[in-house]
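Below are structures written as structure tokens.
Below, chain A partners chain B and then partners chain C, in two separate complexes.
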Partner chain A sequence: MTGFLQQLLNGLIIGSSYAVIGLGFGLVFGVMRVCNVAHAQFFVLGGYVGFLVGLPFVTLGGLPIAARVGMFVAVILAAVLFMGLVGLIVERIIVRPLRGTPVMIPFIATAGAATALQYSCQLIFGADPVLVPRFIPSTTFYFAGLSVTTAQLMTLIGMVAMLAGVQYYVLYTRWGQATRAVAEWPYVAAACGVNINRVFQITLSISAAAGALGGVLVSNMYASASPFMGDLFGTKAFICVLVAGNRKIEGMMLVGLLVGIAEALVAGYVSSSYRDAVAYLILLAILAFRPSGLFGSYED
Partner chain B sequence: MSQFISGFWVVTLISAGLNAIITTGVYFSSSAGAFTVAHAALAGMGGYASALITSNLGFPVWVGILVGAALAFVTGSLLGWVSAQMHPLVAGLATMAFAEITVVVAFNTEQLGGATGLTGIPLRTNLGLVYLVLALALFAAWRFHHSRLGYAAHAIRDSMRAASVMGVNVVRVKALVFGIGSAVAAVGGALHAHYIMVQTAGDMGFWGGMNYAFFWIFGGSYTFWGPALGAMVLTILPEALRFSMSGRYILYGLLLMIVVVVRPQGLIPVMPMGSRIGLPSWLRGRRLVTGTSRAGRR
Partner chain C sequence: MSVLLEVRGLEVKYGAVQAVKGVDLSLDEGQIVALLGANGAGKSSIIKSLIGVVKPRAGTIEFMGRQIQGRSVHDINRLGIGWVPEGRQVFSHLTVEANLMVGAFAVRDDALVQRRMGEMMEMFPILEQRRTQLAGFLSGGEQQMLALARALMSDPRLLLMDEPSLGLSPLIVQRLFELVKSIRSRGVSILMAEQNARQSLKVADHAYLLEVGEVRGSGTAREMEAREDVRRAYLGG
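And now, the complex of A and B:
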């Protein structure tokens, strides 16, 4: 029983990393109907910014815990600000000129951007994974026979915080209201005086920042970053968004967690080599019965 | 022919030709409006089938290629049939799921060599054969472009609802053209396996399929020869960019991005991809009417 619960917990943690990456992707997909393939690279870049900013501090040992937490917050802020800026640039040069084209056109353009970003990372940092310094020392907590590390807990907490933040923004702020209006019906929103360009800019910027935060958390969890880590996590997060559909961000996070749990259970009880097929099988099964995803609708 | 050009160019031209064949398969499959990233997997399926049949059972190579094409036709038709009614984006992602599942299955099946793949496939492909098959594929694509089936497919791409009102059996046409394209891609994949003499599952997934989608959109998807041209250009270009070994994929990605942003309809400006860009509306309207009315006479 404890073994089963431990598998469930591991799945929850893997799923939370899918959910933190999928959040920004789902936001852009829901509001702008753009499949941003480069989002996985935003995630990778976030991890590398964490690595670069953290690098000078690695040698400083024996700092009090408060200083370490402060540094981790500084790393997060740096990654979020930098990638927010990258998001603005990507919106201006790729997404805005292609608004109103069929879905596969921005898909291919962002995939080109993803290729360029990925190989830039490879050129700068090398193809091998780099060791990302951990500011918060990793301790393992035991609770009723289950074990969980600090970094894993931080990913879980980060996921909840990000979901709460995005939900607060979308539901309770003025720009969030405008965002919902644009997601519902862009032309009517524009006719009512919403500045669509500004909404798209802010949305993509928030999404890139969320991807960067996910990158910091996940690279902190695995203590490594590599140019190709976006491929696996990005594709999985992508699937979670499609299974959930384009309407509900919290539904997307839930699906991310469920996919993680399903993968952990298959890896634990069936065969770990079939683990990566689980998400795709779920996707095909859901799409066969609900073509717009669990909570989605594409009518427009 | 290969005595006139250097070995480097023979290799480059053969891989360009093979990519052009597979991308022509993408042209067929996408002619009814489906976006596909499954063609790397379907090509790999052809490669596996032909490899098993020629090296394990000792049949001549054309039997292997034909069996591979038949297998891919059946699989592709099923995939096209399943995804026929989906939103285009969702259908594209269903093909992605199919491709990734194929990779996982191929990696875990011992009869297919597992992670190491199949080795020792007989070398049967040369420059002449590749371009002969490419010419045949392009001829088929040309005839298809002006056939009843082609008009029906284009009508579905322009408006699925209008086409079905005019009496086109949307699901059947979509499944059929997807199957044809899959078979063409499988022929290319089989030739590829008989060229590099190894077949692995490594390049069959999402990014492998995206490569062919890049080629397809780069050349322009509204002509039958655009995709093949896009494949030739984009295969030869990274080789020509070899002056900066590590930077060439960065240049490749940037170039792709710029071309799509500047010319969303592809390099060849025959028809716009979407309804909001490119040609004046009177020309678009006429084409739409022509396409559906011809299809309506079926």
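And now, the complex of A and C:
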């Protein structure tokens, strides 16, 4: 039983990262109907921004744990704000000019942006993974027979905070309600006085910020960042959105968590070689029986 | 009465298809004006170009003395034009209350929003009963009331209504047109695209008859009712 619960916990931690990255991807897909291929690179850039901003501080020795936690939170905020700004720029120069064009056009444009970002990272930092120093010394906590490391715990807390924050924004704020209105009937929302461009800017910024948060936490958890780390995470997050459908943000989060848990269980009880196939199998099964996703799509 | 809306030489094209061909129309403050015509006559295209959803190919649209063609949709709303779209288009995943809140998005004063919300609940009692329900679960008639209330939340000077009676039962249609009259009594002018000529001529002051994108006739509602072509085509002889 303890082994099962441990796999569940591991799955929840990795699933929370799929949920956050998928949430960013799904927000843009659901609200703007843009399949933003560059989203996985927001995740990568977030990892590198965290690495660059945090590096000088980490080398300072002898800091108390509270100061290190504070520093880590500051690094996360820096990465989130920086990538939020990148999101604004991407919306303005790539997505907005292509609004109203067939879905493949922004798909190709953002794929181009993804390639440019990925190779820029490779040019600056090299193709090999860089070692991301741990902000907080690695400690393992034990509770009721379960073990969790500091980095895993930070990842889980950060991801849950992001999911809760976005959920609060979307459900309870004025702009969040407007965002949901724009997702369904953009022109009707505009005729209510909602500035669609502003909604799209905010949406892409939140999406990029979610990617960045995922990047900082995951690179901290694995103590490494690479220009290609977005490929697998981005693909799985994309799959989570396809499985959930673009109608419900909470659905995308839930599917992210479930895919993570399913992967951990397969890795623990079948073979870790099959772990990465789990998401694809779930996708195939869902596409066969519910092509619009588990929670439906606005295009239904 | 002063002129609220003045449209001159309006042309709308979708690719090679010309939906509106040089339409002129005007609406005075406090008036209800009906656009009559069959499917494809260009009524909805005119409404959509007035709210800014469709960009006219040519012509001018003057609202309260200001040219508004080419402006963004939210800008046009903020100038004082509300829109009740064809097919209701309520925000189905938001509650009735949240739909109304979005309707008042441009209004910054919370107290004013709450006051208008109260007015809408008084005007449409069914919405008060459904306040916390998701709009997608309302009946067609209730959704139409919601779409109407949502458009009124921004306190428009001019309300554009696109086929408001479409798909509704006769009883609901009757109630809807009573509401149209009461909205006018609040000082809101109304331009209504409607296939139900009989009902719309009962409430309208003035009407335009459209055919294949052109104005084929206009006059007071009584004059239009008396026209032989209108009676034959739209009032059942």
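Operating definition for what follows: the second predicted complex is superposed on the first by the 298 of 300 C-alpha atoms of A that agree within 3 Å, B and C clash if a C-alpha of one lies under 4 Å from a C-alpha of the other, contacts with A are read in each partner's own complex, and residues count from 1 in each chain.
Following the convention adopted for this analysis, a residue touches a chain if its C-beta (ideal position, glycine included) is under 8 Å from a C-beta of that chain, and two chains touch if they have at least 3 such contacts.
Owing to the predicted nature of the structure, the values given are computational and were not obtained by experimental measurement.
> Identify the partner contact of A:177: answer first if only chain B is touched, second if only chain C is, both if each is, neither if none is.
Second partner only, chain C.
> Could you look at A:89 and tell me whether it touches chain B, chain C, both or neither (first, second, both, neither)?
Neither chain B nor chain C is touched by A:89.
> A:77 contacts which: chain B (first), chain C (second), both, neither?
neither
> Which partner does A:287 contact after superposing on A: first (chain B), second (chain C), both, neither?
first
> Let me test your reading of the model: by the given contact rule, A:65 touches which partner, first (chain B), second (chain C), both or neither?
neither
> Please work out whether A:277 is in contact with chain B alone, chain C alone, both, or neither, and reply first, second, both or neither.
first
> Who touches more of chain A, chain B or chain C?
Of chain B and chain C, more residues of chain A lie in contact with B.
> Tell me the contact category for A:157 with respect to chain B and chain C: first, second, both or neither.
The answer is neither, since A:157 touches no partner chain.
> Flag every residue of chain A that touches chain C in the complex, lowest number first.
My answer: residues 174, 177-178, 180-181, 184-185, 187-196, 247.
> Mind listing the chain B positions that touch chain A in their complex?
Per the touch definition, chain B meets chain A at residues 35, 82, 85-90, 92-94, 96-98, 100-101, 104-105, 107-108, 206-207, 210, 213-214, 217, 246-247, 249-257, 260-261, 264, 273-274, 276-277.
> Enumerate the contact residues on chain A facing chain B in the complex.
Those in contact with chain B are residues 35, 93-94, 97-98, 100-105, 107-120, 122-123, 231, 235, 238-239, 242, 271, 273-274, 276-277, 280-281, 283-284, 287-288, 291-293, 298.
> Of all residues in chain C, which touch chain A in the complex?
51-53, 72-74, 76-78, 82-83, 85, 89, 91-94, 98-99, 101-107, 150-151, 153-154
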